[in-house]
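Heads up, the next two complexes both have chain A, just with different partners, chain B and then chain C.
So, the complex of A and B:
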């Protein structure tokens, strides 16, 4: 996914899950202070982002560092870049790429037990 | 400083007077009317808290502070969720101007720990939103609304200390959707320095405006985020009008 596609997908999620007006969705806006989201809105948003990108965000520590909308874009852009650096094809979406990454981690973890 | 001393002193004396006069009636009420059932004791406690609030705002603060309540909705008091803006620590007292129905307030944890007020808040079944998860707050709200007890909520969570409004926490808007109950916006203006955030008192006029209820159909139609912002906007616009009426300009 390109950065523009990620931005579009994140914004679409804000609109779909929270009905935030599109004109409010600027990268410099702070999620809590400017857009006025609270912790329960964040739960709705995370559910929407997980569904849209096909990835699980529950155990992700980087999520806690997000302050602005731009940070949300950067979070998914960085996720996509990390996967590409590991040679994972991200053209079918982050969800498919994340599943392939899990498969690789499982198979590399079980290699010592495999017979020669 | 002197004014603060005088006003707080007067409120303290009135509180003692109210306690001396009201506690025998409260205890009699508990003894003869409640059968010692928790919910009945809570009803009696809420009744006394309500009239204590009215005593403070209409008697104890005079002649330094004048409070005027206007019901702009023309609607009767109902059991629903009343949404207030929150400028000052006098707001919880001003709540009692809005209705003659004994109410339960949604508070942070610290009021529950106050020696005198906390005791009555606990037996009055006030909701301590800081110490309970959402599901528990929903269950308690369902119980109170089911008993026709209006809930008084300050969704900013803390005093703004000025003419502005902080963003709203959405918990009680979600609860209104779950319970399919109306939201009643109530705007308070004029008390941003009565007292200040550092508890310094000033003289002044306080206006309280009860606005038309947002009916359950609208509450259901809107998602939680736009619903809380809709009410936020209504209260913002009303407080600007009220500040103009009081001769203050919003900064």
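So, the complex of A and C:
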């Protein structure tokens, strides 16, 4: 996925799931302070992003460091980059890539170098 | 606090969503016209009932209502809370109370129901059983399910900082909610309370009545005539849904601001059967009647109307009729509105109370729909079988619930 595609997918989640007006979605905006979301919204945002990208996020420590909307974009961009560095095809989406990674781990029996 | 020290409590606002309409006037027009809201619920995909759909009495909120609420308030609401919110907004608006006063700490919120968020509970279990794991569960799912979901959502909508309670007493929930609100105001804890009951129509609830043979025999019946309280041909009840909310207010507080007063709550009582969880018991009902009138400090002979609980079950209607006959004789007119709307469970007490208030306002009585011939054991009381003009100053609202819970409210015009 390109950065633009990731930005579009993240923004769509905010609009559809949390009804944040599109014009509010600027990368520098803090999710709690500026976009008016609370901790319960964050849980639902995570579920929405899981569904959108097809990846499991609940156990991911890096996601807890997110402060701004730009951090959300960067989180998925970084995920995509790390997958490509490991030779995983990300052209069919991050979800398919994550499943490919899991298959490789199972066949090699090694501890995965999971994207942050 | 004894009766003489208690503050007087009046009803100053009413609001609802009912199977016959989304306002007290709309519901009342439907009742006057003898309409029945019961139909086949073909939307329920219940595998073993494919050729024999459940009957039910659903509401239909305005389609844009949910979206009219801010997401921060709406996100924790399943249908039951939307119904309660709609009714509460109507009631508070009707009362003319300022929103600042509702949020000021002297106003409480008491909304009861049988099940809480039935549809949300079903959705939660679908996710759980699906095997996808709890990761798919929204943060709001639990809030939509809990038994006090309607109460806290309405209190949140109005920023209530007063007492918030949620009686979970099945069919007696609404009367208990209003009674508890009355007590809070009478004892000086609150000056106003938004109170009533709500319920969602749910297949597991309808099914549960059928399993114990309390539901109507659908295979033998037409939806429009199947609910027939007190009638010799009754076979059981049909479930419905909705929400009815009243605003209760301390009398002097209401008079001081020139509020419209629908009625005063003269008496309230609730008691258990003590020996039965599924069947009504006329002895316990009589005890409840006695407690209501003792609480009010008035004689039963001044009662102009009894709005019955009567759900069209063989046993329940009989026990209530026996108790009415013994307590009131054959002179006080009695009708049940469950022939029109089915049994709206947690909402029934408040929806039917509001209907009785409208009857009192219009000086007429709505009959029991589909009552053609009272069964022998239900005879000997004054059954209202057609709309009649009737001056009313005082009426009794009955509600009896699974678990052997009995409750009654005595309301009177304020002269």
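In this text, the second predicted complex is superposed on the first by the 109 of 116 C-alpha atoms of A that agree within 3 Å, B and C clash if a C-alpha of one lies under 4 Å from a C-alpha of the other, contacts with A are read in each partner's own complex, and residues count from 1 in each chain.
Following the convention adopted for this analysis, a contact is a pair of C-beta atoms (placed from the backbone, for glycine too) under 8 Å apart; a residue touches a chain by one contact, two chains touch by 3 or more.
Bear in mind the structure is a predicted one, so any value in this text is a computation, not a measurement.
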item	value
Partner chain(s) touched by A:58 [first = chain B, second = chain C, both, neither]	second
Contacts of A:18 with chain B and chain C, given as first, second, both or neither	both
Touched partner set for A:33, first chain B, second chain C, both or neither	first
First, second, both or neither for A:50, with chain B first and chain C second	second
Contact residues common to both interfaces of chain A (with chain B and with chain C)	18-19, 40-41, 44
Chain C partner contacts - residues on chain A that touch it in the complex	18-19, 40-41, 43-44, 47, 50, 56, 58
Residues on chain C engaged by chain A in the complex (per definition of touch)	71, 75, 135-140
Touching residues on chain B, where the partner in the complex is chain A	134, 167-171, 174, 222-226, 228-229, 232
For the chain A and chain B complex, residues of the former touching the latter	17-20, 32-33, 36-38, 40-41, 44
